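Shared chain: chain A. Partners: chain B in the first complex, chain C in the second.
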Partner chain A sequence: MAIEFMYPEYEVLRDPDRCIRCRVCERQCANEVHTYLPEKDRMISDDLKCVNCHRCATLCPTRAIKIVKSPHTFKENANWGQKEITEIYKQASSGGVLLSSMGNPEKYPVYFDKMLLNASQVTNPSIDPLREPMETRVFLGGKTHEIKRDENGRLIPIKRVKLELSMPVMFSAMSYGSISYNAHESLARAARELGIFYNTGEGGLHEDFYQYGSNTIVQVASGRFGVHKKYLDTAAAIEIKIGQGAKPGIGGHLPGEKIVGDVSRTRMVPEGADAISPAPHHDIYSIEDLRQLVYSLKEATNYTKPVFVKIAAVHNIAAIASGIARSGADVIAIDGFRGGTGAAPTRIRDNVGIPIELALASVDTRLREEGIRDRVSLVVAGSIRSSADVFKAVALGADACYIGTAALLALGCHLCRTCQTGRCNWGIATQRPDLVKRLNPDLGYQRLVNLLTAWNHEIKELMGGMGINSIESLKGNRLMLRGVGLTQKELDILGIKHAGE
Partner chain B sequence: MNDTVIEGQVRIPSGCAISGIFSRSGKRFSGESIIRSIEVMHDRSNGLGGGFAGYGIYPEYKDYYAFHIFYDTLKAKRDCEEFLERHFDIINLSKIPTTKVKEITNEPLIWRYFVLPLPTKLSESQLTEEEFVVKSVFRINTDIEGAYIFSSGKNMGVFKAVGFPEDVGRFYRLDEYEGYCFTAHGRYPTNTPGWWGGAHPFALLDYSIVHNGEISSYDANRRAIEMYGYKCTLQTDTEVITYIFDYLHRKVGLTLGEIASVVAAPFWQTIGQMDAPERERHEYLRNMFASQLITGPFSILVGFSGGLMALNDRLKLRSMVVGQKDDMVYMASEESAIRIIEPDLDWIRSPRGGEAVIVTLDKNASEV
Partner chain C sequence: MKRVYVNEKWCLGCHLCEYNCAFSNSGGRDMATTLMGVNIRPNIRVEEGEGVCYAVSCRHCEDPLCVKGCIGGALSIEDGVIEIDKSKCIHCYTCIVMCPYGAVMPSEDGAVQKCELCVKTKKGTPACVAGCPNGAIVFEER
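And then the complex of A and B:
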């Protein structure tokens, strides 16, 4: 129907003088945007299929291609924007729920960008990280201040399950299935080299990657895909996934076409069958049930591994986190409303949940008020975009951060937000062998190592500038933050002062 | 109080001078020498705060808590005394003797009480005696406007004011006190007229701290220690350091040496070179007490019953030297502050960053 026609949002512009008809763009585009017309010796494009992933533009040897936003628009309207109108057309046509990928792209405030950091001047010295040790090592897990001594009065170190991280960043949960084998390999090898951890997500752990077990957090989600004794035993820690920031309150759905070969075996789901994660865990309908699952997993692994509980940042987050802290969990992972995903209903992604900065601040404050902050570590996610975000999160009270989207960007993702199609031209969010092989794990892992090495340098510079030489002295050090352009209410929730105060 | 913003309403960084004298044999000496010592470092203060702590100065009341209290108003005094009478047995009370010194002005009412918790109140509270005292001190300092307890230990006392430390010493007639240990502090705050309560030493029970530095970990330390029932009402570094020591020493039960390994922890690099048991112990302390690590420049003297401890930050970003002559141990920001009172030292040295120097009374020290 004519009314369903939507003029493409992006146009492929090709400079005919530059184009040498090498047809690289045609071969590289899984969306089949580019076609060669032999009779005219010309390349043409179907802009409608273009997702603006830049694969063709980056690989064009003569830089003949660029993707531009189409100037074709609806009549300007401050209320009915292009997005609102086209979504109506889509739903009027399909009768279905709209799907999207990656994190909430809408114009909500980013509180990280409204907080500024402190530095030393005169009254105490800044510290040069190139000259003095600058420590970013963190431990995750509960702490106890009870002490024991032997008969000679010497301290006996009390052993608590913990994870040791060389810096306060980890790779967050992305399942094998939602991302490719090569992406997983890159994450696992980078985690090992960096002395941090990556997270399997809910898709099980491919047996090739058991060798990275000591740098692996395995996830137990509502679908229990790929969960078995060896899976738990191999890992350094276990994460119970209650929710994720991109889609709080709902489950997951990996379509049957992605359940092929190794993905099927790893998930323990028959080939071609949809893998559906229920919205709740059907053995957790309340907080006391969570405690049972925490302890079941601890029992199953003989109390040798920390148990994480991952939740999405929702309105009542402080009370929920307090409940989890009392449930025996060692680490609470909180995922903000900007958190990414391989596929989520658009309405959920764009409208449910709260910003991670506010969630983190209120959880940290609440746990301190209740005197139970030491019982758990806090890991935050969704979305951490730079070392400055990590730094501000730690200053607000986080022990560490998870990064997902940032890691995928390092691997080549161009944030075209169409993971749900499974045709990722960068070999990340796809299971098509011809596409997967485009991501070379030897290069991919090195880029991840580079990224976090760079971030760690930056974290050390920022620490040194404020005269802090160990990351634990930054944790919860909110005096190092000042707000700009925030209301008193926002400042109160963040527990910070305004710039100039 | 007038309209000026005081400690507790604003966080005020300050530089400083510190000095301490300790007699291992427990021999009591006059407070005069500590005044001379701190006076040498006059330029390290700016006249906005000075103070002293003396140990062994109240032998006749050594079993009682000595509360030194500033009152802004007579009403504050009445309210506070009413509270004290309800909760404590007051054995003695008096004004703290002072001399008019032209440099010291705007003095509050300064009173001293020797007290013990009332047995009935104490048993009702289900607290230890010390915890009862701490809670009472916090309550008065936060709830009774214009009353401020700045010293609450046994057989020790803090004397402090706005002014240069040598003037403060003469104001309090410190030369008339005798003790086995004295510490002193001259303050260089950066932006305030100063408040008497904000001067140092800062004390809780018999712990007293004089501190030179500005710690960068302040808010991390503050927010952590406030979880354990402390209230950082002054927003000063010294206050939070005192609470950390009180918490780790009295409540958790760490030794002072272990506390040094927590607050001025060795670097991971150094820990990695230790032999296995030592390495495990340090790793354990750093992990479990991560929020009590103090970063940024500090040199502190921690006075406690029967001992004195000196500690620098892990990078030694503030000067501090320790010297000895016979049974006397001297600790100060500058060597000159020691030489002025004891030119002929057995030895003098500069402790490394994070190295705790702890002196205690000899076993056969005279009864104090």
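And then the complex of A and C:
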């Protein structure tokens, strides 16, 4: 039916003076946008299939290709935008729930961009990080209440199990299945080289990656995919996944056609069967139930591993976090509404949850007010885009951050947000062997190491500028933050002053 | 000695190496204007079969059959690199028959052409290696 036609969102512009018909674009586009016409000696493109992932433009040796937003437009309307109209058309045609991937792209405020950092001038000296030792190492896990000394007055070492990170950043949970084998290998190797951790997500741990166990956080989610004794024993820490920032309150569904070969074996799901993660854990309906699972996992691993509980940032986050802190968990991971996903219903992704900055500030404040902040560490996720975001999160009270999207960008992701199709041209969000091989982990892991090495340098620069030589001195140090363009209510929740105050 | 090696596991069959090779050996300044409408004759070629692709170029053998077979003295070994002096090539193509890898081929003017690791066009990393998007082609000591 003609009414179903939708004009392409993007157009492929090919400069005829530069295109040498090498056909690299044609070979590299999994969406089959480009075709060579031998009889005309011309390349043509089907813009309708283009997802704007830039694979062709990046590999074109003569820079003949660029992707532009189509100027084709609906009659201007401040209420009914192009997005709203085309979504109605799509649903009128399909009758289905709209699906999206990666994080919420809508125009909500980014509080990180409305906070500014302090620096030393005259009355307090700044530190040159190139000359002075700077400490960005952090430990995750509860703190001990009392300091004990032996008969010689020496400190008795703290026994609680902790994770040691060389810097306050980790790779967040992305399952094998949602991302490729090579993406997982890149993350695992980078985590080991950097002295940090990566997270398996809920898809189990491929047997090839058990060797990176001491840098691995394994996830136990509502589907319990791939969870067995060795899986738990291999890991450095265990994370119970309650929620995800991109889709709070709902489960997941990996279609049967993606449950093949190693993915099936790793998830412990029969080939071709859908892997359905229920929305709730069917054995967790209260903090007491959560406590049971936390201690079941601790018991199963002989109390040698910290247990994380990951939740999405939602309205009553402070009260929920308080409950989790009392459940025996060692770390609370909070995922903000900008957090990414391999596939989520668009309406959920774009409308559910709250900003991570506000969630973090309110949780940290609440736990401190209740005198239980020392029981847990806070890890925040949901669009940490730069070292400045990490820095501001730590100043608001986070112990560390998880990065997902930023890590994938380092691996080549161009944020085209079509992971759900399984045709990732960059070899990341796909299981197609010909596409998976496009991500060479030898290059990928080095790019991740480069990214975080750069961030660590920047964090040290920022610390030095404000006269701090240890990241621990920045933690929860909200006096180092000032708001710009925020209302009094927002400032109160963030617990910071306005610039100029 | 550093040589060009290809790792089949990471070769995507994109054929970029062929164009980078052709451009490097053309002496041109801009790839678009240099290779426009040209039927390229690269020294590295991607061979493709069922689900397999692999770029093939000269191995720079330590005991090269092509040099042994050259009756005109056109092929010689300079610091380990097997080079071709086209002015001495008599178009007998013995080297093409002898090369077990199919890495020697006739050029447009009839004389033989082969990979010279870009030593005559530029110093440093050969163009096929520098332009490989997936690190499948490497230039290293083995």
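Quick notes on this one:
As a working rule, the second predicted complex is superposed on the first by the 492 of 501 C-alpha atoms of A that agree within 3 Å, B and C clash if a C-alpha of one lies under 4 Å from a C-alpha of the other, contacts with A are read in each partner's own complex, and residues count from 1 in each chain.
The rule is simple: contacts are C-beta pairs under 8 Å (C-beta built on N, C-alpha and C of every residue); 3 or more make two chains touch, one makes a residue touch a chain.
All values reported here derive from a predicted model rather than from experimental measurement.
In the superposition on chain A, contact is made by A:P125 with chain B only, not with chain C. Counted by residues of chain A touched, the larger count belongs to B, out of chain B and chain C. Touch criterion met: A:F139 reaches chain B, while chain C stays clear of it.
Once chain A of one complex is fitted onto chain A of the other, the partner contacts of A:P278 are absent, as it touches neither chain B nor chain C. Residues common to the contacts of chain A with chain B and with chain C across the two structures: none.
Interface residues of chain A, counted against chain B in their complex, comprise 120, 123-125, 127, 132-133, 135, 137, 139, 143-145, 147, 154-155, 157-158, 160, 162, 368, 371, 373-374, 397, 466-470, 472-480.
Here chain A touches chain C in the complex through residues 17-20, 22-24, 27-28, 58-59, 61-64, 434, 437-438, 440, 442-443, going by the rule given at the top. Those residues of chain C that touch chain A in the shared complex are 9-10, 12-16, 18-20, 23, 31-32, 35-38, 51, 131, 133-136. If you check the complex, the residues on chain B that touch chain A are 11, 13-15, 190, 213-221, 223-224, 226-228, 252-254, 258, 265, 267-269, 280-281, 283-291, 293-297, 314-315, 317.
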